[in-house]
């Protein structure tokens, strides 16, 4: 059962991701990515991480992707422009990129398929992993500092996004 | 239950798809999406590894990664908007004035 | 304190000159005087050191020593002192700098305060090189001194000055950075062997560098010095730098800078790695004698006076290197003496050429001719310096060359034999040039109105001429301070070399040792 | 409460950033507020805090350690910040940059850098990296009228995001092998089974290396550097070329020379190759540049190579050498970029070689200071750059890496060539007669004077700083 | 006291360089000449004092000159019989020539006049150092110093390119010889550990005679190279004829009487060394006689009055070397001494002619001057007779001594050549006399405007200041030989015994003493008769030579022209001095210049070395412009680069 689910979700994730990358219309790309994220959320459930799965759906697919969609619509460039003619370098770049990607895939797959499960010694019972409480406690004790740092991170991102994206008129204020 | 290898390999494939996207697409937004794919692939690794180590740390790290991804997306999209203002295009090939 | 004063006073003078001037150049006169005064004070101080230096073999090797911790964690200290060899070169430096400054009064009209600043900064750097007894300190000065020279060539030079300046600095740096590696490596080797980090030259003298390292270190040191000397075939920066440098720059470049290379060989390369030096000396000597002949031959056909003098330096410095390679009393002492001679005579030649070029704005030999009719004094000075350069007995050049040849001959007669041809060749190129410039009919109308030496120029050239004669007629006072020092260097090097230096075949008469008190009839 | 001691300096800087933001928010339109001053106060406060924490070895939250190494870095970074703020005033006014956001982002970035240097947990390193990166990305593109700025920001951002994905993947593998992100535990875990690092761990090392190599702009991860440096406002370029590099190297040292020390044999070949390539590429490509900022970008690539030599030759001296080099490089490079920044006018940055022609005649002091900085970059005595290189090469030679040292010195000779091209322009070429004499702000000049003083101080009397650097690495490794 | 001898002329030099140009000719010339006479006086008294000492030597160390380790060269002067003779010649004849110059150079401006005398004084000073120097280096000071003065004086009229060229040539050719001298010194020091003549001789005297190439042979050969340079012997004689570009008194003093004999003097000074190196002696003799013959033949056809004399000088110097080469040092020095008189006389006489003709030097434009210039003519004739070897004049004694010594030393072939040369000497000298002073007055050549002034009705004979030296020297040319009247003529050959102490610890050793000088009374008797016979031969030869000259150049000048026509090949060869100058130019000078310019300068220096240096720079620059193209500006290329790095690093780890 788990195996079927794994392959189903995995196939969806890979397929959707491939389509994201193979898609010329950014709008579709965003939507397909949401599909991919959904599939990943399924895998998270499979890995006894329901909280992560929920977060994935709500924050990632729900919030972040919406921002993307929002920007795509704001800028209103539905389709990618065709490659400028004669841009041989770009074409060559694609080829090189593809080759490199394949090589990387081979390397990673080769390496990761050699990983042995025996290397990992489960420390805690699996059911504790699913406990939101456990996560919450850890997040606000062990990871409290990191948590605080993220607040600064988000503040920076916020200020930065505002600075970069706001309209010129705002500058009149100085 | 699929083994850890399965999840790791899957994440590797997704990661590679993400990297490939950076090269193949000529649209800034899609490129940003490709980076998101990469981050998600890493997330999968974290959760899988955390599961097999039997610790919640993996999930918590994913939580942080999602935050980072959000922050990056915000700044990245802001930059894309700024770029679009200057050139009216989203093709990365249009932005080659700085070179050599 | 005296040495520190000598080294840093030029720097103080440099800053004073900078402050004395303003951007408009209205106070250039004051700047010039400040700079000249500073350099003269340094000269006076150097004479004091000379006078108070104890040349006897009972005195310690290095005198006026100052030793302060500087970067203790690396055994780097501010460690200065002089022996007879460096003393001579300090006096030479301090002697030539005021002359160079004075000579520039006529030719440098732009940015005088910066010019004075760089000349004095250069002097500080050169003096620093000669007094340093710490390898780190030495390297610091060695490299730092490139910068002012670079500016002197690049800003106040002739047409291709920028090319020449960059060539100068890159060429010399390329050599010296490898020496930097060797210095660090040497200090580390010492650390590895004795567990103490030191760049102290005296300590390192005592240290026997492992052979495989010594080989590379010696090469690195020697490459740096060979480029500076410049030894054939590393000399091609020199003609360019000389030709394009302003007169004062050329004077200092030829007079002092090149000696840093030969000084380095005597002070560092040979004593630090005696075994390797012994093995390499013949090869170096081959380069030296090739340089002697080659430099002379190429000098012969130069159409540009400065270039000719530049190539003559290659030839003359070949003698110096040959003397050092011989590593015996006469060879090294001759080499040290020849360093001084070359400073005086080539410095003088550059001054003369500079004066001609100030007047005519050309340095091509063919542009001149028959000058003796219009500028007899200038030509007279020119003649004496020319003769000093071609080592006429009675003038300074002879003493050095003769000692070097003796030293070289006792080491390996073949080198001396080839080197002796330099005696002919130097006469050929110098006299040919002298004749084409000064003799013959006045063919170029532009030369008919040339002015003879002005009062200032007389003051510039007179010390050079005086030195050339004095050092030729009375070399003993200049030789004596170096005697014990050279002896120690030779001793230090040869004591760790396998072969014993061959003495005269028959026993030397006892007279040779104690002639000083011989009664005069 | 003890936990907090370790983060006091960062907190102070962060608070200063927030204060700057608030000040901007409550500013009346048109009102001039000394927001930079707030930043200065915060940074000075952080310096004071760091000094007070010296030798305390405070640590907190299991993720931060204010050991002397970190504190040394804190002080350097605060110094970078102070000089940058002093230099910024003119550019901010001239280019109409959003003042509050500018200073606050800068302060947040500095806080991120400080955190990166102090972090003892890979996750925190990653978060700190993101904080400082996001701040710098935005600063790069902060001049909204500049298309080049936007382009630079975009390239920097995209490649940065790309590389941090790799970095993160590396963290994931490390986590997989050791089950933790704490550097200390990673080190212990690796040491325990150091004989068989496992295939995952080498992947982890490689990917972590990519992340750091990107941030320090090592070849072949350097490509963003010239473009970002050229496009960013000059002051920001100076800031990121020094601050980011310092922070990244600090974390690099902490991760690789501490946690991953047991893996040394695995990564040394890679790092030394990268170091050699970086030195060569940076200098060689710098030779033909005509834009000074771009030229200095390549120079900063080359300098990253020298620093990597220090990482390879990681004796105690080597680590101290890295610290010293960072200080020397920071004052020097900030000075150099500061001069370029002061040369700019509102219509154009004046960053081409030809813009320097005859500067000596127009602004002799500026030209002289630039010369000092360039000589220091070239490693000529008696400047900081010379001592720094000396120290790095000493470390290399001690560990027997003669070949790296030789490449290092030879490339620095080549680099002197292009630094001197600027000198040639300033001193040996006549400028256009109508070329304006740059207008200098008092704060900017003060910053430059401080930088010159620093360069010369470190060049002539380096013993004290060297001793402190040595002291700060001894406490941790 | 000893130091005073060179010091006096040096003072004159200093005076004339500093104050001279601003004083009148009377003062500058007077000071110079006066000091020379004073030096002569001092020399006489020094020689007197020297003769009073037991070992016939005086020494003075002035100061310590070059001290360096076991090498110590004090500046020591020493006078012994050999140098005594030399200082007398130098100061005596020098003083006369100074006197002569006061009027000869009178047409120069004040400053040029002073310059002339300063050079002349400087020359005298150096020459005196040369002969007084007690060690090789001190001698070398004088040796090169006189070369310098020669250079300056030959090029005195520097505006004439030929004069400047000649001066340079003289100096450079001399320098070539000096290399030999220097190397000889080096080897001497290496061998003996000292450079003092006395000490070297003392050690060398105890060494065995080298019958094969040994150290002493090499030393002496090297020294002899030096001598050939200074004394204008094959192959380095080429500078001397050109040196005639200088003022005539200079030719008389430097290029006839004193400087050029320095080589001979030097061999005399190091006689002990040469005596131990028979191979060298043979070389010296052969070179000497070959030079004598070659120069004599060239002298036959030259048309420039001074050049004839110059070749004659070369030839006579060859004689001297012949004497040295057969081990008869005293004879060589004796000839040096007499030659100084008559050659100086001849040069000064020719100077008087040139002076009278306002610079004309071409024999073909002279003739019949006997009537207008009686003093010049008669003194010149005495000189010519002396050099030709007419009996009872000085040249006769010294030349015959040489011929006799050559003969008895067994060098019969050399003797024969020397006799032929002596015939030639008589011929060319009297050709000169007859062409210049006898016959019809030649017409001034067309287009040769200036000499017309001199060829006018009233030619002035030498004024007093020129006549007195002529007369004094003429007297000397007659009687100087009487200090060396050979035993065969009932004389005591006093000069030989006088000089003997200078030539070594032992008697001058001919290398075949047993054969050449049989011992015993009967042997002495045989020798006397042999000597008388040889004297007869050479007298006949000399007189025949004069007769031949009289026939061709006094009676039948057309025959001379016809002969030249008939033997035009040889004539042209001789006229062009065997094309030696051209040969040197083509074989040595031009190739070196071409080598230096084409191969060394443009090829090696600019091409190879600088090419390499610039090539490295160019390579870096080229690499730079290629590598910067990698930075395409495309963000995807950048990502590719980054990606490439990742792949490589992971690949490295996985493939290891």
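Every chain is named by a letter (A, B, C, D and E) in the order it is written, and numbering of its residues begins at 1.
As a convention for this text, contacts are C-beta pairs under 8 Å (C-beta built on N, C-alpha and C of every residue); 3 or more make two chains touch, one makes a residue touch a chain.
From a predicted model like this one, the values you see are computed outputs, not experimental measurements.
S.K.: Figure out the least number of contact steps between chain A and chain E, where 1 means they touch directly.
M.R.: 1
S.K.: Common contacts of chain A and chain D?
M.R.: Joint contacts, listed by label: B, E.
S.K.: Quick one: point me to the chain whose Cα centre is farthest from that of chain E.
M.R.: A
S.K.: Tally the contacting C-beta pairs at the D-E interface and at the B-D interface, and name the larger one.
M.R.: Between the chain pairs D-E and B-D, B-D carries more contacts.
S.K.: Return the distance between the CA-based centres of chain B and chain E, expressed in whole Å.
M.R.: Chain centroid spacing, chain B to chain E, equals 97 Å.
S.K.: How many angstrom between the C-alpha centroids of chain C and chain B?
M.R.: Roughly 65 Å, centre to centre.
S.K.: Approximately how many whole Å separate the CA-defined centres of chain C and chain D?
M.R.: The mean C-alpha positions of chain C and chain D differ by 43 Å.
S.K.: Using mean CA coordinates as chain centres, what's the gap between chain A and chain B in Å?
M.R.: 5
S.K.: Can you tell me which residues of chain C touch two or more of the remaining chains?
M.R.: Those would be 170.
S.K.: If I count partner chains per residue in chain D, which residues reach a count of at least 2?
M.R.: 123, 127, 130, 134, 137-138, 141, 144, 153-155, 158, 162, 176, 179, 199, 203, 226-227, 414, 417
S.K.: Name the residues of chain E that each touch 2 or more other chains.
M.R.: 628, 631-637, 639-640, 643-644, 646, 650, 654
S.K.: Every touching chain pair, please?
M.R.: A-B, A-D, A-E, B-D, B-E, C-D, C-E, D-E
S.K.: Can you list the chain B residues touching chain D in their complex?
M.R.: These residues of chain B touch chain D: 15, 18-19, 22, 28, 31-32, 35, 38-39, 41-42, 45-46, 49-50, 53, 55, 57-58, 61, 64-65, 68, 71-72, 75-76, 78-80, 82-83, 85-87, 95, 97-99.
S.K.: For the complex, give me every residue of chain D touching chain E.
M.R.: Going through chain D, the ones touching chain E are 154-155, 158-159, 162-163, 166, 199, 202-203, 205-207, 209-210, 213-214, 219-221, 223-224, 226-227, 266, 269-270, 281, 284-289, 414, 417.
S.K.: For chain E, which residues count as touching chain C in their complex?
M.R.: 1-2, 17, 58-72, 74, 111, 137, 140-141, 143-145, 148, 151, 155, 158-161, 163-165, 167-168, 171-172, 175-176, 178-179, 182-183, 186-187, 189-194, 196, 199, 203, 592-593, 595-597, 600-601, 604-605, 608-610, 613, 617
S.K.: For chain D, which residues count as touching chain C in their complex?
M.R.: 364, 375, 380-382, 386, 390, 393-394, 397-398, 402, 405-406, 409-410, 412-414, 416-417, 420, 423-424, 427-428, 461-463, 466-467, 470
S.K.: Mind listing the chain B positions that touch chain E in their complex?
M.R.: Within the complex, chain B touches chain E at residues 19, 22-23, 92-93, 95-100.
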